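Each in structure tokens, the structures are laid out below.
Both of the next two complexes hold subunit A, though its partner changes from subunit B to subunit C.
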Partner chain A sequence: MTNTTDNGPLLEVRNLSVDFRIDRKTILHAVREVSFTVGSGETLGILGESGCGKSVTCMSILQLNPARTTIYPAGEILFEGKDLLRISPKEMQHIRGNRVSMIFQEPMTAMNPLYTIGTQLMEAVRLHRPGIAKAEARELVLEAIASVRIPNPDRIFDTYPFALSGGMLQRCMIAMAMLARPKLLICDEPTTALDVTIQAQVLELMNELKEKEKTSIIFVTHDLGVINEMADRVMVMYGGRKCEEGETAEVFLHPAHPYTKGLIASHPSPDYTGRRLPTIPGGVPSLKDMPKGCPFNNRCSLATEKCAGTFPEYREISEDHLAGCFALEQQGENHGRV
Partner chain B sequence: MEEYKYEYHGRFFLEADGLSMHFPAKTDAFGRTTSWIHAADRVSFKVPKGKTLGIVGESGCGKSTVGKMLMNIYQPTEGRVLYDGVDITHLSGKQRRPYVKKMQLVWQDPYSSLDPRMRAGAIVEEGMRNFLPELSEQQRREKMLQILNMCGLYEEHASFYPHQFSGGQRQRVCIARALSTDPELIVCDEAVSALDVSIQAQIINLLMDLQEQMQLTYLFISHDLNIVRFISDEIIVMYLGQIVERGTTEKVYLHRAHPYTKALFSPTPVFTPGKKPEKKTLLQGDVISPVDPPAGCRFASRCPYAQEKCRKEDPPWSNLEEDHYVKCHLFA
Partner chain C sequence: MGKYIIKRILYMIPMLFCVILVIFLIMNLTPGDPASNILPITTQQSVKDAYNASVGYTGPLGLRFLNYLKGLFSGNILSYTTRENIFGELAIRFPITLRVGLIGFLLAAIIGVSLGILSAVKQYSFVDTALTVVAVFFGSVPAFLIATAGVLLFSVRLGVLPSFGLNAGIKSYIMPVAALTISGIPVISRMTRSSMLSALNQDYIRTARAKGCSERRVIWNHALKNASLPIITLLLTGFAGVLGGSVIVEQIFSLPGIGLYMLQAMNAKNVPVVMTCALLLAFIFMVAMVLMDIFFALIDPKIRARYK
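So, the complex of A and B:
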């Protein structure tokens, strides 16, 4: 495990499953037996397409899934030794936003349009540090706004969200998330809604803050390029399952799972000159008709009968590189590497 | 007017000649417009038949406006649209009809651009009912099934409602609908941006297959440079309503010259497995407001190489090499 402190990883998710109850009869399995760890100061990228369970996994860490319909049939989420699935809502409230913060995809909808940026950031400070003097809170907020490299923090403080561009708002969100100096920052597609040149600015800013504050980050995205730039380790998800996990460079250079291979191939490198893009046939299945066994079996070229029965055990490809696929057994020790 | 010499000797199929679109931004007490949003300014290009022109830029650069002017959704403030040599800018509804049939649009979001209460078959047939009245019901159905098939859908899909499709399939229905009137030109406005990564490649391949089969001409509007590069023969890069660089795909992609193009290409975390991306040209700040843009280069406020001259004078076009032009003082 890279970058792990002596007393174990900061966050350890073991065997997490998440179900949603739709009505009396229907229960959808959104996440199945997912395990991963995040060491302190480490960035874990979660890569997957829509409906693969990457956001639900993150929401589970902060207990933000709708309480009435969500069931956690199995698993534990250990953060600093505490199981977040089994603590009281009050304790959770203390962790949420304080020790663990989150940045969402759409900065326009994540901010309240009726309050100024300053009011919203002040609220965050005063909720987490009750009794703090107003002037002191204001100082903190201005400092936070300046730290995400927004010019004129004073002016932004009194601005409403609609007057800011997407990139500026996302910086304000980052400022808000970093106010309490969290140990873990969860970013759910933070740059997907932004323009490319703005995305680059935001990514650079996040890397800088990470260096400075030594925050651990979980970075959720469908963009392989962003993962390549941001993440130390990557976990690839498909249909609610983890299919591959490992150090980013290792996974991208030697992908073992057929889905990871397909994903990487459909992103041609700059010198790819073929006439057609390589593709993965078929479409992402919805939760309702997720295939049994390995969820990828209906799109996989290597699928056998076995794949429709059970999900394979994870196999170690190399040190700190896991993949779950029956095809790996047949390929023997070299795991498809040439 | 900009000088851009087209080296192509065949006939141009679609020409935009100095298209401008200005929307009123503010009016004074007498209702006179005092300032204008310059959504597009003097945009010109020519596309030969069966080729693809890619338009790249950030949000607000006017790329969708250009598409909409071609389709006459916006009436351009200035300039002309020539379709196969005929000026179609100011035609009446009736005169325009034959051209409407030949030009179709595929929108970004397949979720909102299909009528949720119509079956896929009816959606595809609707265009035929309107533009191909000579077909009998039987012929229409046959043609509809044939088109669905070409787009990678099956016969049973004809009776599906849009919500029963996945995102990629829905985009296939949109493409099928666009093909139903036997078009020659298809404007794809961010046609793959809303799709999943593994599906994007399928749709791009489908578009390229269809182009080969039917000699279609595409105008491919997107912010995703990797995809534009893959499908286009020629690329124009737009910034704040103006074209800043243009040329054949290879030349623009490999020898990008304009500081904006460089910035636009470099931060897309271009994916090379296992290799950390190189040092990037980071742009400071946001796109400036398109309301009454300043004289001089519109990119000057964000350009790392901006000089005094850039803020005062509109940069001229310079020819870098064959089929590669840039609008920047650095190369003048």
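So, the complex of A and C:
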């Protein structure tokens, strides 16, 4: 086992680009030059509308994008000093579910319908501890099921996924992901498919596990409320680009990028009454017709000709708060704070 | 589950009875009679009537039906043409069909399923495209053409395999078996490919990868088991069909199997033979259906839960 040095981040993604090759002529750019870090025990939220490259970014970490079509033209994903884009499939299998785990959006379809919960969790244990005795593995699994606060672990062990609710299944997924005590847990919209009360329970459970296990978390969502509750830091993505990044409170209080501002403005707050909520005009363009330059330029009220040329350099708004927007240059000293 | 299977087996009795009844009615109510089909066209009507009476194709329908049932239970039904016991004839012919069908079909199943998995795992690769082209080709060419081409090449040109009959031992089985196998593979491999592909696109496959399964484990333990229900359906119905005798293959290679037997009986309006063969085929098919249900329940817990 590799020990993380105390000073370096647990995960460092540098300049990651992800392309999808659709046919011989068409290459779609799903993610462009995204960089971010996740420190030990830290929770990073990735925020954005559907189709912004959030999931693709996360899937890249464990190389779970469709292997046949995905190309990684540039970038590095450094985890515990190893570049995950350049390790062998065997090494990657050793990291998946062991050092880095992942849970997904749709709990109802994420479990294999033909095996019991117990069998699937046992598989996860035995994949990474091949020598473990069956009884010991079973003990571990029962413990894990109990730790996600499911009553009667013994009964759940022999239950098939079709007999469980979405909330229960997501707990089982979390139990499975946490079995090997991973250093990093990637959650791709884990609560989007759940109803609000169950969502709150699952979030609370994840926060609890995070405290207990000191696991770092990457939390992908389009829900600002969830980010606010979960994330120490937040990265806002649009059109495969990072537009803004910083501490959650700082970004939410002083959003600098027009897209972040739009997102926050369109989120209802408790003291917001009366008038219609503002919206960002238009919708996320498909990968096929993503605008040149800043991908947000066709929906942005501040867009100039410059925005259609290149993507701007990231500017430091305050300490550990970055945003990439040409409008920030004009605002100069103000640092985009309005 | 056991109770359900017993119920299914008991249901077979009335179903088989219905099959006999329907075939009996079709055979007896359609125009024509054994004598006209077998004897020369110039034969006098009185001779024909005498012939029909001698084989039992006279009298009220109900009585004829009862006579057939009596013969069935006593294990002694005479063929109109040979005047031999049909069960004796079946005992010679069925094993031939069984041998050719079983070997041919098992080969087709093994090769077809393997190629289908390969195609799915390497989707859109050169291997997949090549297999698709070959499968579409052999799937579109009728089996009798493949068989005839085989005869031309191996019997006429090269002279290494007999063109008909079963007198050359194992050699005489090679071409019929190959014809069955080759005509079976395309359907099986295409079906396997598409069910494997839809299984491989499911979320639980991503979960399996995310927890650290090797690609081999993902394919064999997670995808194939989920893809197997439609494959089993195809294999069992196909196998039941093959046991009914491949008429084309038996005709081309002059194999005295059950398919040819039934075809000849139909031409001769040999009612008891057609009925007995149809009964046997229906029985085989029903057994295959029960087996299918058992397999389904073994594989899918959701189906199993329904039978409890």
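In this section, the second predicted complex is superposed on the first by the 329 of 338 C-alpha atoms of A that agree within 3 Å, B and C clash if a C-alpha of one lies under 4 Å from a C-alpha of the other, contacts with A are read in each partner's own complex, and residues count from 1 in each chain.
Following the convention adopted for this analysis, a contact is a pair of C-beta atoms (placed from the backbone, for glycine too) under 8 Å apart; a residue touches a chain by one contact, two chains touch by 3 or more.
A quick note: this is a predicted structure, and the numbers were derived from the prediction, not measured.
Q: Following superposition onto subunit A, is the placement of subunit B relative to subunit C best described as a clash or a fit?
A: In the arrangement built by aligning on subunit A, the partners subunit C and subunit B fit side by side.
Q: Contacts for A:Ser318 in the overlay, against subunit B (first) and subunit C (second): which applies, first, second, both or neither?
A: Once the two structures are laid over each other on A, A:Ser318 reaches no partner at all.
Q: In the superposed arrangement, which partner chain does A:Thr310 touch: subunit B (first), subunit C (second), both, or neither?
A: A:Thr310 sits against neither subunit B nor subunit C.
Q: Counting only touches as set out at the top, which of subunit B and subunit C does A:Glu229 meet: first, second, both, neither?
A: first
Q: Looking at the overlay, does A:Arg68 come into contact with subunit B only (first), subunit C only (second), both, or neither?
A: second
Q: Which chain, subunit B or subunit C, is in touch with more residues of subunit A?
A: Counted on subunit A, the partner with more touching residues turns out to be B.
Q: For A:Ala124, select first, second, both or neither according to whether it touches subunit B, subunit C, the two together, or no partner.
A: The second partner, subunit C, only.
Q: One more residue to check, A:Gln93. First (subunit B), second (subunit C), both or neither?
A: Only subunit C is touched by A:Gln93; subunit B is not.
Q: Should A:Gly283 be classified as contacting the first partner (subunit B), the second (subunit C), both, or neither?
A: Once the two structures are laid over each other on A, A:Gly283 reaches subunit B alone.
Q: Thinking of the overlay built on chain A, is A:Thr26 touched by subunit B (first), by subunit C (second), by both, or by neither?
A: In the superposed model, A:Thr26 contacts neither subunit B nor subunit C.
Q: Once the two complexes are aligned on their shared chain, state how close subunit B comes to subunit C by Cα atoms, in whole Å.
A: 13
Q: Per the definitions at the top, what is the overlap between the subunit A residues touching subunit B and those touching subunit C?
A: The answer is that subunit A has no such residue.
Q: If you look only at subunit A, which of its residues touch subunit B in the complex?
A: The contact residues of subunit A facing subunit B are 49-50, 165, 167-168, 195-201, 203-204, 222-226, 228-229, 248-250, 252-253, 262-264, 266-270, 275-281, 283-284, 286.
Q: Under the touch definition given earlier, write down the residues of subunit A that touch subunit C in their complex.
A: Contact set of subunit A toward subunit C: 62, 64, 68, 89, 93-98, 101-102, 104, 106, 109-114, 116, 123-124, 127-128, 160, 162-163, 173, 176-177.
Q: Residue numbers of subunit C touching subunit A in their complex, please.
A: Subunit C reaches subunit A through residues 123-124, 202-204, 206-215, 222, 225-226, 299-302, 305.
Q: Quick check on the complex: what are the subunit B residues that touch subunit A?
A: Interface residues on the subunit B side: 58-59, 166-169, 196-202, 204-205, 208, 223, 225-226, 230, 263-264, 266-277, 280, 282-284, 286-287.
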